[in-house]
């Protein structure tokens, strides 16, 4: 089933989303903000990636959609470890104007709701590059995540090494959060 | 051959039915009502599923159609065990307005007629999530099925475990039913 | 080469015939009249069947066509056993109005002419479900075939077992027939 | 599971049985006795046949084995039609000395027991070439089968056409038989 | 890792175990005791089955081994549903003498310990044919399982339909059991 | 080239090492000490794993060998990220008696020397399950690694969640260490 936030719907990727994803992965502004990196990606490569990455038992990749703007980003719940009940989560928002409108928060809330209340996971993992303060605020100040460690000098970007924050959230953190902020009720 | 109820016709799935099936499988309201679950499904995945699920000796998947509304749902007779003469049956109706118009009953009656009077099966199995009282009524009150057991805490949905009813119907139950209610004659 | 009766032409199946064949195979009225059976068939499955059943050394499948009405049915000469010089023959006429116009007789006559006078077969086999009296009349009263046996309770349809007539015709039966009735001359 | 008669065990074919099967299929004395025929078969061809004919849902091929003599023949339950609950049955005994020792009867009895009491079939079909009187006696006099028809001139062997007997047995025939002769109790 | 009971070790299947497994599956005495069934299985088929059934994320198949006797049976945790945290469990013991020595109980206890305390499952499912009272006692009297339902007439064996018990055990049932009987401590 | 410590040699895996690796992976005592887990592994699966895991650009797997005892364990440098110059490192020692003889330390020192002085990596990552104090001492007290974080409740073993230490070492940490302890000179 699709995953509903208050503003966003998270749905399976479609072929017509690939150009947006390719633009995002090729955009230096976005690459700077995330821990990962990518060589320049062609339309063909993007298509091949899409063809071999449909949703499966261990990896769920989703388009973030709003009624107003259509597809605005990408969210993933990947490397699901069912025995330990953990998974890795990340998001990318396509466009600056979307980044300050609560879409990020709603996406992370919806992902946690789905991961904890439907998939029965117990923990989500994430990483944040040290200087991406908006991302740290989104995850840790608004969505109940905790900085659990710092991988020193783990990412090389813009000609220097950067530390990478290890962040995580447990089901009980999420439960405490929604009890406090009544996210789904207001 | 196609399977005729009094109102519905059950026919093979076509490529043009896939968007309806995809909407149903992605609809959180419908997922809530059934025992199964699905990750968000893309157009491509739906197409692949269709391509590898044509009707065969052991699995029959059908579109429920009415003259008035065209395709309104999905019914299956799957995991046919010819030696034991059992199969698993399930239905999904697309849209709330269809759910209260006798389409469910007519579909289950037509499926039983076909399974027992043509395929020579002796038993159909089904499952109902505990809180889906309309489904229990449809199967057990109107169509002669029996609750044969309760798999405790077998389904996790909406952040808790739910019991799952095991329901079944034998050919002789169906024969008694139509003798009593003359379903096919009135 | 195409096979000519007095009214019908028997020609190879074309892609555009498949919808007619699919309707016939999905029609419960026709399934009732023949020995075989089929699960509901989709457009795709019909297409796949067509793609893998072009005419070959051992199986010839033909469209029955008339000038007036175009394609009206289907005839086959299959499981050809060249050593024993036997084959299995069957026909299906699409539509009730065609069934009483001599099309059936002309098709069987044309099939026998082709099978015995061109393919050098010595015998054709067929089966008739016990209650299909028109079919028995067509084969045995009009076309020289003989009921050679009865497979007791061999077909389950409409919720009961039915006997199946084993019918056959030898080249010499055909030769005697056309000597008597001068079929091809009048 | 393996199928037990009073004397014989029917078990899956093994690679080491193939030479026996090849000798049987290449033996003109045996080909004369059965309805079928085969071109000369090489070791390789036999191996290929074996590799593509393991037991499956619709075709069961079995070695007849006795404690005393090991593998002595071959029995099959093939073309299983689960909807109509029919199948085709045949046996071949390797060696004349085995043919008069009750092995044939015990095999047919064990096959019927398995087909009717485990597989839930309702009917078995067979064919007998007209002059194979021992085979007719085995099936019809000892094992409850009935000659249901005669396919005239259906088999060409030894430079002439022969009629082929159509034989069949229903579950109720088998039940009557074992009630009368107490086969499994004495 | 291997799974340790007090008496048994559960380890991955090896090629050299296949002959034992094949004997078990071909043994009519064992087939009578279990819900499933199998056509006669050849060495080759067994080998192919083995080659395509190595342990994986969703299906774990294990040899039951004791120091004294080596391989004595087979246990499985299959159809693991990680979202609902359920799986299907079954065992087969090869030989009558082993069936009365506590090997069954120790195997089921070890399977539960592994499923609940390592794999984090919440529920195990099983089925028992109605007349297999020793199996019901093993699961329900000794190992904390509950009969949750009865699939009426679900299994055809020995020429009649039999009911099939639906049994299940929850993690909390297992925890209560070992608290009461101190299984792992004595 | 092989990698030389003062006591150990790290060399490529051979087919004959697989039985040792299989024993290690099936040994519950070892599984308890590491972060990862494995279902029971057969000889065949181990062989398949070996066949698909030869050393490559991004993953180096090594046997730890001593003159005295031959193969005593396993070390890896995997998920090499050449752009960020990081990799993940882990070791397993087969047998308790080896674990207290300096083999662990010598292996980690040799791995660091190779990773930093030959591969030009800048950072190695590792994980330690919270209660494995000997492992923490080995890495952090003897080999210059730092605990950089704690993934809360990330590993489920022995029926409870455990924290997992995130450990790391930079090239400059290694350089400082060997300047201080002259590891390679004494």
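Labels for the chains are A, B, C, D, E and F, by order of writing; each one numbers its residues from 1.
The criterion applied here is as follows: a contact is a pair of C-beta atoms (placed from the backbone, for glycine too) under 8 Å apart; a residue touches a chain by one contact, two chains touch by 3 or more.
Since the structure is predicted, the reported quantities are computational estimates derived from the model, not experimental observations.
Touch-path distance (fewest steps) from chain A to chain C is 2.
Where the sister copies chain A and chain B meet, the same residue numbers recur on both sides for under half of the interface positions. Equivalent interface to C-D within the set B-E, B-C or A-B: B-E (over half of contact pairs identical by residue number).
Think of chain B turning onto chain C: fitted on CA atoms, that turn is 60 degrees, to the nearest 5.
Taking each chain's centre as the average of its CA atoms, chain E and chain F sit 37 Å apart.
With centres defined as mean CA coordinates, chain F is found 31 Å away from chain A. Computed centre separation for the pair chain C/chain F is 74 angstrom, with centres defined by C-alpha atoms. Centre to centre, using the average C-alpha position, chain B and chain D are separated by 41 Å. Shared contact sites, meaning residues of chain F that touch two or more other chains, fall at 37, 156. Chain pairs that touch one another: A-B, A-E, A-F, B-C, B-D, B-E, C-D, D-E, E-F.
Residues 37, 83-86, 122-123, 125, 146, 148-156, 161, 166, 168, 170 of chain F are the ones that touch chain A when the two sit in their complex. Across the complex, chain E meets chain A through its residues 57-58, 82-85, 118-120.
Contacts from chain D toward chain E in the complex involve residues 1-4, 10-15, 51, 54-56, 60, 62, 116-118, 120. Across the complex, chain D is touched by residues 25-28, 30-31, 37-45, 48, 156-159 of chain E.
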